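The structure follows.
Read from first to last, the chains carry the letters A, B, C, D and E; within each, the first residue is number 1.
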Amino acid sequence: MLNYFKNMWLGVYTVLVGLRLTLIHLFSRNVTVQYPDERYPIPPNARNRLYLDPELCDACLRCAKACPVNCISIESLRAVPGLTPPLKNGDKRNLWVTHYEIDFAKCCFCGLCTEPCPTNAINTTTEFEYSTTKREDLIYTFVKMSDEEKKEKEEQLAIYQAEQKKKKAAEAEAKAKAEAEAKTKAVNETKNDN
Amino acid sequence: MGLLNRLNEPFEGGGIVLGTVEDILNWGRAKSDWYLQFGLACCAIEFMAVNAPHFDFMRFGTIPRTSPRQADFIIISGTVTLKMAERIKRLYEQMSEPKYVISMGSCSNCGGPYWEHGYHVLKGVDRIIPVDVYVPGCPPRPEALEEGMILLQKKIRHEAIFNKRKRIAEEDKKLGLNIK
Amino acid sequence: MGEKRKIELDYSQLDSERMRLNVGPQHPSTHGVLRLEVELDGEIVTDVIPHVGYLHRCFEKHCEKMEYPMVTPYIDRLDYISSMNNEWPFIMGVEQMMGIKVPEKVEYLRVIVSELNRIANHQIAIATFGLDAGAFTPLLWLFRDREMILAILEKLSGGRLLYNYFRVGGMAADIYPTFKEDVLAAISQVRKTNPEILNLLLLNKIFIDRTASVGILPADVAINYGCTGPMLRGSGVPYDLRRTEPYSIYDRFDFEVQIGKGEVGTVGDCWDRNIVRYREIEQSCNIIEQAINQMPMEGDVKEAFPKKVRPPKGEIYCKAENPKGELGFYIVSDGKNNPERVKCRSTSFVNLSVLPEISKGYMFADLIMILGSIDIVLGEVDR
Amino acid sequence: MQAQEIFDKLKEKFNDDILELKADAPSDPIILINGAELFNIAQFMRDKEELDFDYLVDLISLDLGDNLGAIYIFYSMKHKHRIALKAIVPKDNPILPTLENLWRTADWLEREAWDLMGIKFEGHHNLIRILNPYDWEGHPLRKDYVTPEFYHGMKVPY
Amino acid sequence: MEQNFVNMLIENPWIAALIIVVIPLVFVVIYALIAILGELKIASFVQERLGPMRTGWKGTMQPVAEVVKLLQKEDITPDAADKPLFNLAPFLMFAAAFAGFAVIPFSPYFLPAGIELGLFYVFAIGSLGVIGLVMGGWASNNKYSLLGAMRSVAQIVSYEIPAAIAILSIATLSGSLNLNVISDNQSGWFWNWYIFGGPGPWWKILVIPFTLGLGLIYLISTLAETNRTPFDIPEGESEIVAGYHTEYSGMKFAMFFFAEYANMFIVAAILMLLFFGGWNSPFGDFLNQWWMQPVWFILKAFFWVFLTIWLRWTLPRLRVDQLMYMSWKVLLPWGFVCFFAVSLFVMLK
């Protein structure tokens, strides 16, 4: 019987305590950030959409290898030494990036791709507002060389490679010649010895 | 669609009255969106955080409903597995027209991190139900989901109920359905 | 009054049909995509069959395909509420295999971020438990506080929910200048809200009535079912890996292992499990406070990074105290870049298996409360 | 109690069925046993006073190429010691006795091992799939598993 | 007194009757809209957020948008449902709730039907709503709906008994079943309200604890009868999805919604008429003009709405058996105690 009254009293009392608390909060300041008009602060290192600086990318494929989900696809073309402008930071450009694509529908925003990049070409940004109505819009192409450009580069490369080949061939020929000469010389010498 | 079925007859050059009626109806649908209280995976936690005081999803007129019959749109918040896919399809079919779908996060966009080796993951919820808005992120920030919501509201506002009208086409061109 | 008659009712003769109710996968209080097949006799639960696997994301298959550093993002997605705590045992296991000793600062930083995440996890656990009981307001108050913790963790790691912060041999990024002040501010806010939650929810008579002496889990049953974390501690067993087998630097801190005492009902009921979580928030605050004061602010967190993460051949079981219980990873390495096999001892999976045992004979509304008190995360159950 | 002592205790009781103790750091100590005797060994470990392994931590299934392996990790709440048992079964006939009646947690763990790796547990009351759908084919964690092309009309690969 | 001002203005009785019917209907809709908005906003403020902000000025048009939206929604009738009952249920429920308005005196000059047995009538007709509810729950052919309907019926039926006892006590105290007369009895200052023992000699102080208790009992019963927290078990979202209206969509769902709000107003009105002086100003003749009386009445009803919302965002939900415990073991015995005390007081007065 005592329990019955105690329960009743506790019920009423705790309800009143709760009501008091909610009443206090009813008149306290609210903390809402009204999003499109106001912005909740985002730290600069927040991992949202990736950004690639095409002028810094050397197509070393390290980001693509580090990516756990394989959402980065890179196509590259060998650059012709001498004819190629260097990267933005002054490094030598070994490869031309002909196609650099990140599928943000697949990306898991882990930031692993930014760590091995030797030139800091790929970066996470704080940009997160890019909802779309079509999924294809989430595939971002950062570098896309036009066919003409590609062709030109290929031709240059072909010429260069042909030159290199010729050079190599010439070298090899010269080497072979020298060797042959040396051989004949040696033979002659042995002959002479005899 | 109740009232809409009767009004959906062809009205050539619907005129001002119909235009206004259409605007009001679209306004109602856009501003009062009840969503299905339904979470799948990691994104569901951010989805809960959107309802939290800092972001307050209710500002957009969105109210959670637990029954799909009363919901206007469903947020696919997380990985859809093959085991779950049939249920999601059924949930979508249980919802009453007009209904919309927001695909939240990489997983429901196209399988996300699980697209390559996930033998039990459906690679994109758009393989089973039509998706209106894709929100990228893994998981998307709460603001990103709110942005997706604004995009959906814009889409609804520009829907043509009675007939395709020139004005809408023009406005679409002008606005480009982009929010910035 | 006539003669007192004894009425005997033979219930088996009553023609009553049991109802099979399908709760979930879409249900507001299954905490995700759990499906429960419930057999009801009126309102009384006679049988529960959990069907899991609606979020089976092939974690273990992915581990075999990934190099070691790439596994961490997937581990984040296991128990997505407490990612920091999840990453720790895996990273610790790899470090043990490779024989790496991490710097002092990293250890302290790991403790701080893990305890912060533990607070965030317990806040969600209490909040959703309140929501199951029908109290919506505590949920939002707790989410408001959690936002402060998430802000700190985001500033540190760059991620809001899934951090990918732990690395083999260190951390992904160093602390930022105002780290200490932010952490202390967050703790004081948590300590300010905690009594409010206690008064509004946990000590409310209606809430006590709903949870006390409901879903009683005796200690021996809990151990037999392999329950760990607040589930086991709620039953009165002081099993906390931070104390029983101290890993990292947990032996340096002064904190109490909280156990359920049955203050309002029986030991091991839903209320006990919840009050253990509530008190662990306070203990975590204490640990963070000690850690942040002892932590060396100078030093490089990337000091001990190995050149290539490639553990030698061997197998190891490495565990840590997750907010939900003992989380372990069994890593089998055959000396390659990829692990040969990673098996996750997922806490929620084991804890959930006790549900049919403890929910029979209670009412349907109690079943929801019991499920809420287990604090499962379906990402970890289904992996 | 140390791993060596536990090994000796077990060896004393089941001499031939306890094969060897592998304890080369950094790996955890593992006792290799004969799979057929698993149930008796486990029961002995649970009920013997000095051992008192009342908590089955985990069951790990392995694909070892031609064989399948199962690792059981035990812990004692009273004595605070930990040990792992490893049993190896052939891939074409992977059968182990169930421990469901000793530790109830083994129920779901064994179902999981059956689902993902295909180890059969003899005597389990309800050995059905747990994570994959009930009508799934194959055991995904085996190394030779091939992802199906379609499931219920839904395309599986990307 | 029982003359409507509408009747005075318009001579044709048919048109007058029509107008008298339409006024409460319009009122219910407006009232529901305001209550919905209040619910959303107060909930948000308690939780330190803002609530609807982007529909009209500070979100004030939100309920209107909801109605416009509900009008357009597809009206699904499940294939397995019992169609006639399924379609009838929301209308029956709304009709039952709306019929109660026939006897509610908004002021002494606006009283749709001034029948002598007003209190009895409103109580009887209010119970009809349960039939609509169980009809909807059963006809949906959904287990959650059925569970919700069953719980709801059990709850409403049990809580009608304490409510009836509270009403009976006030009827004893006032000596009338006519709502207008009861209200009229409490005119003057607020200490003449029946919650403070009604008009009487100074030693009515002795009866005040009992009338306060009766007020509390009736308040709790109204919460249960309108399925508000902590008694929202029939719709308990975390357990049985949406209860009896799980399968309803579009306008039929809106019907349930409006019926619920109409019902809420009815019970609030009765609480105000019986205990809080009805349409009387609390301060004697101050602001007690004929045009001010409906305002007082509605304001008082809205206070009840505020109270329920306040309770809703504070308290968790009870379990079914605890609900029954509360009704049969707490409210009912105490109701009887209060009833006897009040009867004794009436006898001695």
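Following the convention adopted for this analysis, a residue touches a chain if its C-beta (ideal position, glycine included) is under 8 Å from a C-beta of that chain, and two chains touch if they have at least 3 such contacts.
What you see is a predicted model; the values in this text were computed from it and never measured.
Think of each touching pair as a link: the shortest run of links from subunit A to subunit E has 1 of them. Comparing the centres of all chains, each the average of its CA atoms, the largest separation from subunit D belongs to E. Taking the mean of all protein Cα atoms as the centre, the chain whose own Cα mean lies nearest is C. More contacting C-beta pairs link the chains of A-B than the other of the two pairs A-C and A-B. Here the CA centre of subunit C is 44 Å from the CA centre of subunit E. Between the CA-based centres of subunit C and subunit D the separation comes to 25 Å, rounded to the whole angstrom. Computed centre separation for the pair subunit B/subunit E is 36 angstrom, with centres defined by C-alpha atoms. Rounded to whole angstrom, the centroid-to-centroid distance between subunit D and subunit E, based on C-alpha atoms, equals 62 Å. Looking at subunit B, residues 37, 52-54, 56, 59, 66, 83, 110-111, 113, 115-116, 119-120, 138, 141 sit in touch with two or more other chains.
In subunit D, 131-133, 140 are the positions where the chain touches two or more neighbouring chains simultaneously. Annotation for subunit C: residues touching 2 or more other chains are 28, 53, 56, 58, 61, 73-74, 137, 140-141, 144, 160, 162, 200, 204, 206, 382.
Every pair of chains meeting the touch criterion is listed here: A-B, A-C, A-E, B-C, B-D, B-E, C-D, C-E. The part of subunit A that touches subunit B in the complex is made up of residues 30-36, 39-40, 42, 48-49, 68-70, 103-109, 128-135, 137-138. Here subunit B touches subunit C in the complex through residues 36-42, 44-46, 48-49, 51-54, 66, 68, 78-79, 81, 83-84, 87, 91, 113-114, 116-121, 138-139, 141, going by the rule given at the top. For subunit B in complex with subunit A, the residues that touch the partner chain are 53-56, 59, 106, 109-113, 115-116, 124, 126, 131-138, 140-141, 143-144, 146-148, 150-151, 155, 177, 179. Residues 82-83, 85-86, 110-111, 115-116, 119-120, 122-123, 127-128 of subunit B touch subunit D in their complex.
Per the touch definition, subunit E reaches subunit C in the complex via residues 43, 46-49, 143-144, 147, 229-230, 232-233, 236-241, 313-322.
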